[in-house]
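Presented sequentially are two complexes of chain A, the first with chain B as partner and the second with chain C.
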Partner chain A sequence: MSLRSAGGPATGDTAGRTVDQRQAPRKRKNFLGRQPLGLLFSAPYVIFVLAVLAYPLGYAVYISFHQFFFTAPGVQVDRPFVGLDNYISVLSDPEVQRSFANIGVFLIINVPLTVGLSLVLANALNRVTRLKTFFRVSYYVPYVTASVAVVGVWLFLFQQDGLVNSILGPLAPNPSWLTNSWLAMPTVALYVTWKQLGFFILLYLAALQNIPDELYESASVDGGNKWVQFWNITVPGVRSASVLVTLLATITGANLFTEPYLLTGGGGPDGASTSPVFLMYQKGILQGNPDVAAALGVVLVIGVLLIALIQKRLVGGKED
Partner chain B sequence: MKHGKISSRVLSLTAIAVIGAGLAACGGGASSSTASGANSATTAKGPIKIWYSNNEFEVKWGKDMVASWNAAHPDQQVDAQEIPAGKSSEEVIGAAITAGNAPCLVFNTAPVAVPQFQKQGGLVPLDSFPDGAQYIKDRTGDLANQYKSSDGKTYQLPWKSNPVVLFYNKDVFAKAGLDPEKPKLATQSEFLDTARTLVKSGAVANAVWPSPTSDFYQPWFDFYPFYAANSGGTTLLKDGKSTFDSDQGKQVATMFQTLYKENLASKEAYKGDSFADGKAGMSLAGPWAVAAYKGKVNWGTVPVPGTQAQTDGSTFSDAKNIAMYSSCKNQGTAWEVMKFATSKEQDGKLLSGTGQMPMRKDLATTYADYFNQNPAYKTFADEAARTVEVPNVSNSVQIWQTFRDAWSKSVIFGNQSIDDAFKGASDKINQLAAQK
Partner chain C sequence: MSIFNKTPLRNDDDARRPGAGAHEGATSEAPTPVAPASRKGSSVAKRKNLGVGSFVLLALGAFVFLFPFYYMFIGSLQTSPDTSVAGAFPSPANITGENYSNINNSIDLLKGLVNSGIFTGGVIFFTVVFGLLVGYALAQMQFRGKGVVFGMMLLVQMIPFQLLLIPLYVMIVRDYGLADTYLGMILPFAINSTAVFVFRQYFMQLPSTLFEAARIDGASELRILWQIAIPLVRPAIVTAILLTFIGPWNEFLWPFLVTKDQAIQPLAVSLANYISNIAATASNPFGAILAGACVLAAPAVALFIFFQRQFISTNIGSSVKG
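And then the complex of A and B:
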């Protein structure tokens, strides 16, 4: 309902201008939202996202459709549009196909393990009354420690003459963990799970604080044991955190680079732990083919988005 | 709710506009530099920046060299620093070229990266200086021809080489019952027998421990020196065609495959120096290692063995050169600094300070006193005249990566026959070398 109709028929230009002048601030108010100051406060982050995420992503998409290589400033070269050539090159490359299969193995092991372990450990930590801080710090330390430093410990554990093989004795795998085509990626997945567990435990710990104690008390009164309480109260109560943990674990897992680079000598043995991001680094930075690397990156982004969408549907459940 | 939607749309439109503007900017390209501008740059004098390696001995040499230059040229001061940290020097230099902030000179330019830097428009051809080509020829001789690019120009000044030889641990050899003064390492067959003896005797866990990682440059420290020795100094490519899918190449591959199969060499990467740490009885390295092994290993050296015993075998150069970068404004000064840093006096200081071999055609006679006083370096000086370089072709890094992947698959991990792996790699490399 407009002011014009509410106030009766306008009788002249003066009246019309008055109505427009009254409408103008409201339109501006609508355009800027109910709290224009909010835009000001969010602007730095929006600008950051545009500059650091949106612009590079858009540039990567542009590069992926052109024959492109980096040049010195002032050097003029042709960068012809090549359509889907780079994508065809990427998708038909056996190394790329294998890297996606490798990352699939990684995610199948890493994501469920991360969600399960972090939820169980967070639940246990939430109930611990003594040494609570010690345990929380212990789980968090690997997460905040640089991979380069922590990898040394895992090499000490899993190399040919490492601690694990010494304990296993004749049962030790041959070839050993990190040089075994079947075991290299699972070992990397275990390492990443352990390293990142502290962060995800913290997420679950935060979510657990939102579950009212009354629910557990009621369940206890009704005769529900700890397992019943965990399954029927805790798990549904932290569903939103589970969605977040699943998505973050998937995204960070799909972007795997440092761990195979350091643990298995650059995606070894014979490419069994090569990841798409490692190939992007090889092709884009080392070999000077950023166009192919960008196409690979775009394929990876689309793949991760699809997986994340499916996961959100599955794990999010009724909350959606 | 409606306000929220409007705000979302506004933000979305803003994002699209920003991305669009970015893409439009990308498509615009950059302005080209003019020929006259390039000419004036080659004569321009003034202050310049240079980068050198972070090797402690080279840093000391670099600082002394720059101090000498600066003292004599107050109007053309050199500002020197170590190459900024990165996964590799080549990545840092490549990024600097793209950003336009590369220094005038880098005293650690890897020959394998030169074709890529050249393609980026990041290098100045040294032939553009009136005395450029002649200076390089007079100093390095015919060996300099290996560093010419496919367009016939020279974008790198051959500076220093690290001829790869076979180091062996005398104490470990003695422990295994082998003669440490006359080791049986003249042929690849003897090398293999010696490796077996070392491990089976329990003297050492690994006869040799070349890095098994997938890095494109690892063949330079396992396959390539042996291949050079085995083939009379044949490079990986000749006339644009790969050469390794041959009897000589496959002999080397088979020898290494045997080392891995018989557990004489480890398939795991070693974090550190396996030879210095006593984990391997032999190692392939250049003269830089002499200082590194001092006090740690009682070492000896022999030339890399071929299939037949030889006195004039070739090896890999492991050279690092000096290149001038196109972002340099005072290229006249940069060229003079290049010549100053590679003068007889400075080369002598480099040799005595770092042990690395200046790429001079009469190295052994020019610094005869040094080699008489330091006989350990004589082998390297002798080898320096017979080094082979990585081929100076387009897609150089990709070519080496292709070879390395085939090597890993067949030789190290045995997942494919050497014949098939080498044939496949050879075909792919021929295609890569043919691309411009």
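And then the complex of A and C:
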């Protein structure tokens, strides 16, 4: 009965006030909606999201504020609240500071390169009629391939006496790309740009379909050359896609793990290519300090959110 | 705009402007007196003429994207690694299949592939079964809390995985004892929210009168979903499977944390362990690594070439644009 009384005002159904007791079942149905079975259909997904995504999200914050140990299943140990101690030890750790600086270098190279190249290539892809499928497929092949597999060939290409250096000859850097503390992070950034570009080209291709042909036609009638058209029609026309590409590229960069782990042999040389996620693995799982690692994760996510907000302002610009 | 790297754009456009610009004037005038209505014809003609610079650029890009894959395959067949420029071309004297058997002796390639397949297949199974249910409910059913479920689906896609890494490890490996199990690998990825979104978008495009008519005829919701809705959104299922496939097949970090037992490791993990631990002791480490890389890359590349039609911009665009 309480269900019914709650249902009346909530559904806002004016007819509901005049009906009598016999229509109670129908009213109950209305309370849950016209197809209450939808709740059942959604249930597995909702349970999944709550159990595997939402709960751990809160748990991460909890861990970061406590002194936390790994224990065997079912063992109860005291995990005292330590306030901001984990955050202080994260922020004052020179290794962590280094990894954030590395990510900064990574993003400065990767994000503009990704946005620029994917827009130019998508724009070109949108123009050609011949071999279009071949080009499109060849661009997303790196994206759909496991990073572990392509890392193998990049190691081969960029090693000390690899193909890249033998083409460069005397211009080859010494020490080589991935073992050079100045070049390791830029090489990783270049690798990730190459790997992810195909996906961003697809995003831009979708956005380009929404720009009406008439705009280009009237621009060319007015004598605007292709350069003018690109900057005044294409770039503003795909602005919302640019915001998305910038955000996604930043998030991918902040998630960097496989590349420093395999390409530069664990963030080498001498920490020049460590990433925050790599340190989370090292500190949290290898060294058994999940509390510090969780705090590092929270700091990283807050950092990404701040960068994302700034980027949205910069790239989204006039739209808001 | 200041964050855009303008230089490469300008260079490339300057390079092809003179030729392309001259053509442009001619083509935009020519078709107009003939058929002003055929906008499509004129834009096709325009595109063809403008396409030369773009074509060269695209060809250059395609080389940069495909060469490493070609080189991966060549490298996997070399008896001894030849890193000179000539080594990029196959030479009959330096070809062997030995690398494949070498890596197969260190890590069981077939078992790795099967494990990757179970991991990926499990994720795809849960995504398709539960994703279709919730996608259909969100698109064609009216029920209380629908808005909450929809909002949840959008928000979830923004949760960064790095934040979940430690708590998920604590829960799945330590609390539930699911280390070295397929379930432990699958669980965090079980229902791909992007795929759910794709399903919802496709179901939304179907006319709701269709479903109302079926309901009036007394068909149950499950039957409507199975017999009417799903057959109409077959392309969505292929797109969702492709989108979902990329995640677990290529995922390294999570299965790497969860599995220590080689018998259950997906190929990406066992190959990574080979690269970082064992390769140094092999006689031709790069040959073996590249052979393993080819085996890991081949199924994904083949799948996406075969289904390339389903993996096009509009599908992906609709799934992320929101």
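Please note the rule applied: the second predicted complex is superposed on the first by the 268 of 320 C-alpha atoms of A that agree within 3 Å, B and C clash if a C-alpha of one lies under 4 Å from a C-alpha of the other, contacts with A are read in each partner's own complex, and residues count from 1 in each chain.
As a working rule, a contact is a pair of C-beta atoms (placed from the backbone, for glycine too) under 8 Å apart; a residue touches a chain by one contact, two chains touch by 3 or more.
Note that the structure is predicted; figures quoted are calculated from it, not measured.
Trainee: Here chain A is shared; do chain B and chain C fit on it together or clash?
Mentor: clash
Trainee: Of the partners chain B and chain C, which touch A:175 in the superposed model: first, second, both, neither?
Mentor: Touch partner of A:175: chain B, not chain C.
Trainee: Give the label of whichever partner, chain B or chain C, reaches more residues of chain A.
Mentor: C
Trainee: Is A:89 touching the first partner chain B, the second partner chain C, both, or neither of them?
Mentor: neither
Trainee: When the two structures are overlaid on chain A, which partner does A:39 contact: first (chain B), second (chain C), both, or neither?
Mentor: Both partners, chain B and chain C.
Trainee: Tell me the contact category for A:79 with respect to chain B and chain C: first, second, both or neither.
Mentor: Only chain B is touched by A:79; chain C is not.
Trainee: Quick check for you: in the superposed arrangement, does A:135 touch first (chain B), second (chain C), both or neither?
Mentor: It touches chain C, and chain B stays clear.
Trainee: Looking at the overlay, what does A:285 touch: chain B (first), chain C (second), both, or neither?
Mentor: both
Trainee: Quick check for you: in the superposed arrangement, does A:252 touch first (chain B), second (chain C), both or neither?
Mentor: Neither: A:252 stays clear of chain B and chain C.
Trainee: What is the contact status of A:67 with respect to chain B (first) and chain C (second): first, second, both, or neither?
Mentor: neither
Trainee: A:267 in the overlay: touching chain B, chain C, both, or neither? Say first, second, both or neither.
Mentor: first
Trainee: After superposition on chain A, which segment of chain B among 57-65, 93-101 or 111-119 overlaps with chain C?
Mentor: 93-101
Trainee: On chain A, what residues does chain B touch that chain C touches as well?
Mentor: Touching chain B and chain C on chain A: residues 31, 33-34, 39, 46, 55, 57, 59, 70-73, 152, 155, 159, 161, 265-266, 285.
Trainee: For the complex, give me every residue of chain A touching chain B.
Mentor: Residues in contact with chain B: 30-31, 33-34, 39, 46, 50, 54-55, 57-59, 62, 69-77, 79, 95, 152, 155, 159-161, 175-176, 178-179, 181, 264-271, 274, 282, 285-289.
Trainee: Write out the stretch or stretches of chain C touching chain A in their complex.
Mentor: These residues of chain C touch chain A: 1-6, 8-9, 12-14, 17, 20-21, 24-25, 28, 39, 42-44, 46-48, 50-51, 53-55, 57-59, 61-62, 64-66, 68-69, 71-72, 75, 81, 83-85, 87-88, 130-131, 133-134, 136-138, 141-146, 149, 152-153, 156, 159-171, 174-177, 187-188, 190-191, 193, 196, 221, 246, 249-250, 252-253, 257, 268-269, 271-272, 275-276, 286, 289-290, 292-294, 296-297, 300-301, 303-305, 308, 311-314, 316-318, 320-321.
Trainee: Mind pulling up the chain B residues that touch chain A in the complex?
Mentor: 3-4, 6-7, 10-11, 14-15, 18-20, 22-23, 26-27, 29-33, 90-91, 94, 97-100, 102, 116, 119-122, 205, 211-216, 266-269, 271, 326-327, 395, 397-398, 401, 405, 408-409, 412-413, 415
Trainee: Of all residues in chain A, which touch chain C in the complex?
Mentor: Where chain A meets chain C, its residues are 31-39, 41-42, 44-46, 48-49, 52-53, 55-57, 59-60, 63, 68, 70-73, 111-113, 115-117, 119-121, 123-125, 127-131, 133-157, 159, 161-163, 166-167, 194, 197-199, 202-203, 205-207, 209, 213-214, 216-217, 220-221, 225-227, 230, 240, 244, 246, 251, 254-255, 257-258, 261-262, 265-266, 276-277, 280-281, 284-285, 290, 293-294, 297-298, 300-301, 304, 311, 314-315, 317.
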